[in-house]
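Listed below are the structures to be examined.
In the two complexes that follow, subunit A is the common piece, with subunit B as its partner first and subunit C second.
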Partner chain A sequence: MRLDSLLRYAGFILAFAVLAIPFLGLPGLADIVFRTCTLAIIAISWNMMAGAGLISLGHSGFWGIGAYTAALCANHLGIAFLPSLFCGLISGALIGVGLALVTGRLRGIYFAIATLAMSEGFRIIAIMLPDLTGGAQGEYLKSTLFPGTQFVYIVASCGAVCAAAVSWLVSRSRYHYAFRAMRANEQAAQMVGINPMRYRLTIMALSGALASFAGAINVWNGGYLDPNVAFNLHTTLMAQIAPILGGIYTIAGPILGALAAMGLGEGTRLWLGQIEGVSLLIFGVTLVACVLYLPKGIYGGLERYYASRMRPVYGNRADLKDPKP
Partner chain B sequence: MNLLLQFLVDSILLGGLYTLMAIGFSLSFGVTRIINFAHGEFIMLGAYGAFWLFKIWGVDPLIAMPAIIVLGFATGWLVFNSLIKRVLAAPNINQILLTFGIGLVIQHIAVILWSGNSRSTTPEYALQALTLGEVFIPYGRLIGCAVAVALVALLIAWLKITEGGRAVRAVAQDEDAATLMGINVKAIYALSFAISSALGVATGVVVSFIITVTPFMGFPMLVKAVAIVIVGGLGSIFGMALGAFILAFTETAFAYYVPEGSGWSEGVAFVLIMVILIIRPHGLRGQAEA
Partner chain C sequence: MSELLALSNIHAGYGDSTVLQDLSITVNTGELVCLIGANGAGKSTTTRVLTGLLKPWQGEVRFEGSSIDNIEAHDRVNLGISLAPEGRRVFPSLSVNENLLLGSYAPRARSMRNSTLSEMYDLFPKLSLRRNQQAGSMSGGEQQMLAIARALMARPKLLVLDEPSLGLAPKIIIDVYQAIVQTAKQGVSILFVEQNVHAALSIAHRGYVLANGHITLAGSAAELRESKTVQESFLAPRRKRPEEALLGNKQITQAHNEVLK
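Moving on, here comes the complex of A and B:
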């Protein structure tokens, strides 16, 4: 069996498992699945932008905006769970569009810096506007609207499956080729008739919406929000570590990476206990090691393993291989 | 009136410090074209070095500084040769993620070794202040600024006079031409990165008696350094100093003249970054290239 079809079957099984687990009534397992799902969503979202050559260091910005929108809509306007998630999603898409318009001409490092400035700027604004956001003391969600933990878990699972489906659909459309061309060389892509602005707007709206959705659903699970939690650099870090670990620019990568990162985090917690800083240290080492030794991540490793095992008897099929991940 | 004077004095003292911080950061960025997201962590390491030497042996931070600078230089050289060197030709994204990862590792080693508690170095001069008329000048800031200016002057002298300094400037201007002139570009990269790290730990020593020392102090300072580089451009030390003083004046102005300004002033750097990148995507002085 080819690696891609194997991963496709594994993906279907995983999707069923993720959708089924909240119904089993195992709170510990369901909680881990919930966190893996939110991580997978922001990882997919980060990977989408990276796929178009846009390096984001500001995913905590999208996450935090989604979380605040959902929490404030619920608290001040009395909006229920699902509509508040929708509000969060829309706000993230709008921020993505705004950022795309504002950073239209920026590339590479400068785009990355702009996204970082955006998310840190949001954090300051959230701290400095206590009348709106509750300031540094934070904001608690009103519990009257809370739909129950199980329902939140189910929606998170559905969200993760949808995010994976969206990234698969994008990779099946012509957008995939436009993004790859933009990633390789934006000016050259422009010369062959790709309008980078149009594609940037689309991908950043999509990516922002996904990340904000993850933030919004996370606040419904935690029930509390303050600026340093919402716009935590940690979110940005996890959003990039997961795709790097799993395999950047692929569909399976962010999901594999989210599973691996979650396993790594939980593993260190079980093994070394709750020592402050240890898990982030491990993630840092993982990030450095991946960039140096496994730049294509787990997916790349699997691919190499399969290529070595499944070499055809005659001819070189590697040349005919579909380049699409 | 005296508020205005106080404002000017504070801004200038802060500006001197920011100049050192930004020049340390930009030296490696300008030469290797890799943004070192771990630079803030070098500042943090320098501050902890000064703190522990003061705490355990009572060594004055200014006396400890040369030794810490040498250690910082060696650490920077090692980090460059063992890690950064491997991604010189890699895509931007790998470079960003690598330095981010290195910063994360250093930061959390500090958290594990020294806990997340805030600390501060308190030599005698850090607790006293000079009062000139109605203007209040803390000795700590005054000395910090003076040391920063002295270090920057030393760096400028080194860049202008010595063979190594000329080689660094040549590589920053045009790598290919420098190679043709027989300069070992990789060695110059390593040298610039090491000097940049040395200046980073020096910044840390200076700020250790001005602000509190925590494992997380590096990142905000890194962002300020990035803002200064974007405002001032990469090309010249003069531009960098200009950027540093623009940031220092704006931040101090917010803290003095805006209600609740000291909170808002933390955001000045981010607004400057966004505004300058929007208006002039190549940086204010045109040297930043995408």
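Moving on, here comes the complex of A and C:
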């Protein structure tokens, strides 16, 4: 079986498992799956933008905007769980569109810095508007609107499966070529008739919506939000560690990376958590080792393993040199 | 012959530095025109202005009689202007086939995609052997052919080539030039920019000499070759005939003669 079809089957099984786990009534496992799902969503979102040559250092901005929109809609307007998620998603898409318009043709490191500044800007705005956001004290979600932990988990699972489906659909459409061409060289892409701004708007709206959805559902799980939690650099870092670990520019990469990063993080925390700092040390060292020895991520490593195993066998060399009549 | 492209009184540059000063060029339908000049004369800037990647400060760009100053670069492709950029700039991580398919992204070319694709593989047989190879892993000459083929996939009325011979071995230059001549024969108008003066004048119908941002000389290829300015500025005295000295054989001269017939 080829690697891609193998991964497709694995993907279906994984999607089924992710959708089924919240129903099993195992709170510990369900919590880990929930966090893996949100990580996978934001990783897919980051990878989508990276695939069009837009390296973001501001995904915590989208995440936080989604979280604040959902929380404020619920608290101030009394909007229920599912509609508030939708509001979060829309706000993320709008921020994505705004960012695309503001950054214009910025590329590479300049674009990355602009996104970083955006996320920091949002954090400061959230602190400066205590009447609206609760300021540095933070905001608790109204518990009357809480739909129950299990339902939140189920929606998160559905969201992760949908995000994976969206990234797969994009990779099957002809837009996929436009994004890859823009990643290679935006001017050359324009010279074959691709309007870079149109595709930037599309991909950043889509990516922003996904990341904000993850932030919004996360706030419903936690129930509390303050600017430093919402716009945390850690979110931005995890959003890119997962795809890079799993295999950047691939569909399976961010999902494999989210599984691996979460497994590694939880594993070291459970087994080595007693000794202060060791779990983080191991996490970091493993990441460095992965970047050194799996430069194309887990997906690239699997590909290489498959290529070496699937190489046709011609028999031994002695036969080739001296063919028997 | 009717006028296809006209740049009139173009002034353009980057930041504070002026590159083009009062530059005017025309290309008529069916012509093969070369723009020659030394490093820094403004050749690439000219191609950037006419394809829309750079907005001129003053002057007008007309295509098929109407002004296209307000049309964005990606929409100009759909009008029928197609550029094979300097230094090739194929999409290195895409396969040859994918690069070519991207060339027909513009709606104008999309409906004819399959027939154009097979035409390109006929015109560049070397590419058809490498359909599924990553473009970045090919030789410079093959990448240049791919860049030209990709530009032709847009079914242009005007093909703009920016230094097609840059960094290529003389033998490969001949292949590339034969492809250019072949394309011109099929009725595509071509404007190509060159530093390689001998080679350029051997296939072009007409030429412009660009120096310090404006046209210093214009005329037929034969006139330019005989002109004193060109000989003094570009052609160092040589014992052999210019084409032979540069290319070491007569194939390009033959190709040139074929076009003139």
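Rule of thumb we're sticking to: the second predicted complex is superposed on the first by the 291 of 325 C-alpha atoms of A that agree within 3 Å, B and C clash if a C-alpha of one lies under 4 Å from a C-alpha of the other, contacts with A are read in each partner's own complex, and residues count from 1 in each chain.
Note that in this section contacts are C-beta pairs under 8 Å (C-beta built on N, C-alpha and C of every residue); 3 or more make two chains touch, one makes a residue touch a chain.
Being a predicted model, the structure only gives us computed values, none of them experimental.
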item: Contacts of A:Tyr177 with subunit B and subunit C, given as first, second, both or neither; value: second
item: Subunit C versus subunit B, contacts on subunit A by residue; value: B
item: Touching partner for A:Ile90 - first (subunit B), second (subunit C), both, neither; value: neither
item: Subunit B versus subunit C as contact partner of A:Glu276, first or second or both or neither; value: first
item: Which of subunit B and subunit C A:Val192 touches, first, second, both or neither; value: second
item: Touched partner set for A:Pro295, first subunit B, second subunit C, both or neither; value: first
item: Partner subunit A, residues of subunit B touching it in the complex; value: 35, 83, 86-87, 90, 92-94, 96-98, 100-105, 107-109, 111-112, 115-116, 215, 219, 223, 226-227, 230, 260, 263-264, 266-267, 269-271, 273-274, 277-278, 281, 288, 290
item: Residue numbers on subunit C that touch subunit A, as the complex places them; value: 51, 53, 72-75, 77-78, 82-83, 85, 89-94, 98, 101-103, 105-106, 109, 150-151, 153-154
item: Sites on subunit A touched by subunit B in the complex; value: 50, 55, 57, 102-103, 105-110, 112-114, 116-118, 120-121, 124-125, 127-128, 233, 237, 240, 244, 248, 275-278, 280-281, 283-288, 291-292, 295
item: Complex contacts: residues of subunit A adjacent to subunit C; value: 177-178, 180-181, 183-185, 187-196
